[in-house]
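Residue numbering begins at 1 within each chain, and the chains themselves are lettered A, B, C, D and E in the order written.
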């Protein structure tokens, strides 16, 4: 249900010169989609470009330029951007490193923010985790997305097109808007998880099978993964808010505080779900053992009642020549009486001790 | 037993412009009740108003004005207040966001405080959690309550009417009084939970059923929820106390310290109850297993005694032509003796090993 | 074994004006005992007074005055003291609030310290927890005790009477002496608990019954309560030591550091006991299950040996007309041989696998 | 699978004068391999030397000199280095102390860094932990490796030979490059562990044996060891980054921040694996108990069905003279009917309660 | 195995004037051994004195004087030292309080350090914990040992006699040397514990008995005690290192940093052992339950196979007059065939489900 990118992670080639731009240690020219949105309060243009060079003229204009790059498998594109926008090689390495944990770094001329875009992808709500990076300069923002399977930024694009408040602010507000929409999607994911937990809890009461435990365990592992992705965001949000960087304007800080607040809310809820999942394992084990005990109790009671009776029957099945009871006229019926009495006494005793 | 508002929570519409005032993403005109109390040391007036505009004249008077708004489903009212009192759109969003965790924020002209009002509602003491916000200005306080089902502020209203100490102080003291009465109600809730725990503990000794475990689990979940609602209040109380805001007077700080103290006391007790509830699950499991073991032991003992006897009876039920014992005169009685001896030896042995 | 005052706790009447002096919400005139000790290096007087007014003249003398008030159910007395010594209403409320956690508060003219007096009361060493408060002024100290059942201050009284070092110092040293003697009593309580734990551990080895688990659980709850009472004292002791209050002289600080040290020692030991108690529950459960397993193993072995034998006997109890073995001369004895061999083989096998 | 050096650890000879250079308390002349790489932007030389003295001339040149010493069992060599480069005796002691935890220490003329080199050694990927130390001077770096079995530094050597960026920087950048390649190898080890965990998880589902538990336990212990080796590195990396030492240039700090980041990533993943391993023990225990329960249930059901039937058969095996059923013509078939009915009713009942 | 001094602990006599020098509340004249070592770079004298007064002349010489006092049961000696060297009464109390936790206190004229000397005493390596205190003055050091059973200081004495580096430094370096040798002995104790743990682990695999659990529990308790003794030493070592006291020279600080480092190493290892011991309890319980399950499974299988067979035999033991099978010629052999088939089918089924 969680599609964690296992393949590329950190391009681990121990000893590579730092900032070497590779995918799985190789220079590649994978597919990439580049879109540019350029705007200020009065102007707006949006286009998909085929070569990176088309974006470069925007660098020196006063308008805000948002370059969105989807797909990280084309090392040439990443390198060109690095050169043109003077981005530190280590940042380029982190952009490609899909195992990188969320962080914010302040280079004098730009801010580097990386985080995870987590969203519910159809079909069958599946949690998709995607590595996203932002390079925020004075009048530009470059976003890097791991995959080309779409993103959560459409509402922001719509707001830019509509000439909303966002058009009046700079690249820092745009960064805020993108981070905010990512965090908003965390809420949807969390809500989905809460539903999954509730469904599991209902199943738990009725049907405690190992398959269910498997599901709980999978859920627990997802929680661990999500937590690892979201927890460090706390410092990212507050880091942006309290950073003294001149790239972040006073107005925007209050919005970043709001994002920080939302991240904490997500984390709180995540912890709550974690506690509930932990509790479920306990309930699973105890309900398993309770049900088993119930079965064993009933079965053992049946056995316990019949074993003495069988003994009695066995006694009168013996072939001794001299067994006086055998020749009594009502011996057979008497022995039935005895056996029924034994059974009755045992049942009464079990009832009294509340075993039945 | 806990009525958690599940419906509205955060108005999650990822990508909405921040500060967009919506309920479930829509502009609504739900029911709302607005009451105004205006007072200073010598004057007092109280009324329920039908339109928000009736409140506005109070803004510019020197008296303290308390506007209480019940019901958050009318976005128009919230927006008007926002405009008239120059409240930041993000604050308005938080006022509506019933999933918001307690916090205090210092805007230059006003303080924003949000917390949970937790109270025991009849019938059948039920814990009700309501999202409450305060906007505290120099001479006004606006309180926002999630529901119209009543609140815990009546004692404060009574004190204002009676011309008590509260009339001599400003809006900060009023805020303190309202927060204090909310925290006082936490004590009642906590006390109720302590009683529930004690009842459960008694049940536990007598009757360890899965239904009881279910109850304990529900209680545990409640504890998690309450904790999530109350824990952040710690920082709220101390945040207000130590904030350098000129809106909080020196006199009031000592009272806020007292509230802080009470919050810690609530949290301490909550943690104690949590530990007790955790312990109960252990006791539940162990008493379950002890009782089961007792049953199995007795039943197995009965079976164990009779199985060898049944074997003996079986032996003399064999149809061999030459079985000397069968023709002994007292063979039958001798075999009874043997069987009784076997049973006796076994019972003595079990007794010696303290199995019975 | 722990007599926790459940009754009065915090006088919860939500919305009461802060600092309202009530017991269970009422003004009461319960019993109260007031004693006054007045001393300096050369003078000493001690008396029990019947009305509070008799104490007031001491306020303005240079000698150190220790007013000890036992019993908190007379609101009139508390109020009078509050008025005469200008004590903040919130402090008066805390003095009465027996659920108040330990704390120290610095008001300019006096220090307020509250803590728990925990002692072993006879008969049958029972742990008694009492709410104690100190108001420490420049030349006076007022102590408030929850009950009239005695206290732990007698050794301090004796030292004052004997003209010891204590007579040369001020009210701050007296406060230290009283706090120190309270903390010293914690050691006795802790030692008592250690003995209880050791006794329980011995029982555990011999006799793991649910009654014992009950005892362990009760002990665990006691530990939680004690911890709650003692833990915050850490900050109280260091708070007094490092406070810049002119009421605490340099000389006394070194003694307060010593108290701080002792409190940490108590807490350390408390934690050690807690870990031991936690471990006991594990041992309880495992010894329970080990013993049960031992029983079941033996019983099941007996059953397992006899069930095949019974089958053999059953075979030769069948009434087929043509069963050649039945007419063999030594058939019966042969079958005994077979049965004994089966039993022997099984026993040897069980021994080899170390099941017996 | 982890080859932890157990032998030499700390040369514990309590009371030895600090800085005494011994191996297991003795002066030894064990094997040692010394290689020297000397370079600046334009020059490069590399050689293996047989006596330490050959390295000394490099000390006073302006080029960067990297002296690599493999094998710590020759105390004479270590002492000579200590004398020639004025290294504090305690540092020499730490270089030999293979149990030393990672740390960084700033001596005015040089920095001392020690950490663990953890790598996958063939055959059969085995985790090898080696104690490594760096003494970083203004224009030299001396590295000490515990064993002569190879290291992870080859890629760095290759980069120096190739006249890469590394040739333009000083000894601090060289230190960074070596630390970085060590940390990169942690990723490989972590990845290997993740695979081990995944394999174990698959086994767990199919085959929960004590042997598997043993494996999990071994893995758990490895995790503890690795954690102990890696965790303190966090402070080492940040310590180097934020140290005010003039030996670390501004340019290098950004690279050290990157290392710090990677260390945190390693630790995060390690914690995730730890949680997964912990979860596996729970799953192991529960799947064990579930499987056992399944077996017991089926077996007990079989027994429970046949025991009453055996009783019925026993009844009609009795030898009473007057047992009317015995002479009925279809008695035998009727009793078969009765027995089949009993069995059928029981099976239906068990099915209804979902026991089968 | 750990000989914890239970007797004297803190001389708890609540309310005693602070600094009252008593043993179990009494003034005693127990045995005591006093040795004096006096040295500087060129001179050295060592003697055992019978009366304390013989030491006093050394106080005013420039040489370093180390007075070692073994045995704390002579209150007179302690008091005399206190008077002569102007030691604060609270320090004297702490010297006698064998339950005192490790700490360092800075009095202007001297430093007070107290810690635990933990060593392996023969016969049968037994862990012995002894309370040790140091009073460190400008040119003297007084050490107090709880017992007269020897100490770990001999190597230091030897180094002083040999005119080593130690002779060139002051009392602070002597203090370092003594603390260092104590911490070095912790390593030996820790190593011993590691061996104990390894032995227990091997036993665990072969033989999970309650006696073993008892051993593990004892070990766990020892760990708790050791931890309590060693953990606070962390702050002691760093406290000495970073204290601004003029009594600790710059040169010595670097050595104290080394001690601090070693203490952390000890604590790390202690925590590792603790985790291993915790894990052992889990393994114990699960191996117990696994073994039990194995037994029960085999036994139940045997019973399950024979119970249906016994039923079949029972059927043909019935005495109905008309049972056609009985008169069939090969009925008996046919029924054997039936029974063997039933058994075979069951065994095959069990095998298929991997129960055997």
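Points to keep in mind about this one:
Keep this in mind: a contact is a pair of C-beta atoms (placed from the backbone, for glycine too) under 8 Å apart; a residue touches a chain by one contact, two chains touch by 3 or more.
Owing to the predicted nature of the structure, the values given are computational and were not obtained by experimental measurement.
Shared contact partners of chain A and chain C comprise B. Here the chain-to-chain distance from chain A to chain E, counted in touching steps, is 2.
Distance from the chain B centre to the chain E centre is 43 Å, each centre being the mean of its Cα atoms. Separating the centre of chain B from that of chain C, both taken as means of CA atoms, is a distance of 26 Å. Under the contact definition stated at the top, the residues of chain A that touch 2 or more other chains are 289, 296, 300, 303, 307, 310, 314, 317-319, 323. Listed in ring order from chain B, with chain C immediately after it, the chains are B, C, E, D, A. Considering their complex, residues 10, 12-18, 88, 90, 93-94, 99-101, 103, 105, 210, 213-214, 217, 220-221, 224-225, 228, 281, 284-285, 288-289, 292, 295-296, 299-300, 302-303, 306-307, 309-310, 313-314, 316-319, 323, 325-332, 335 of chain C touch chain B. By the touch criterion given at the top, residues 152-156, 158-159, 164-166, 177, 180-181, 184-185, 187-188, 191, 205, 254-255, 257-258, 261-262, 264-265, 268, 272, 275-276, 279, 282-283, 286-287, 289-290, 293, 296-297, 300-301, 303-304, 307-308, 310-311, 314-315, 317-323, 353, 355 of chain B touch chain C in their complex.
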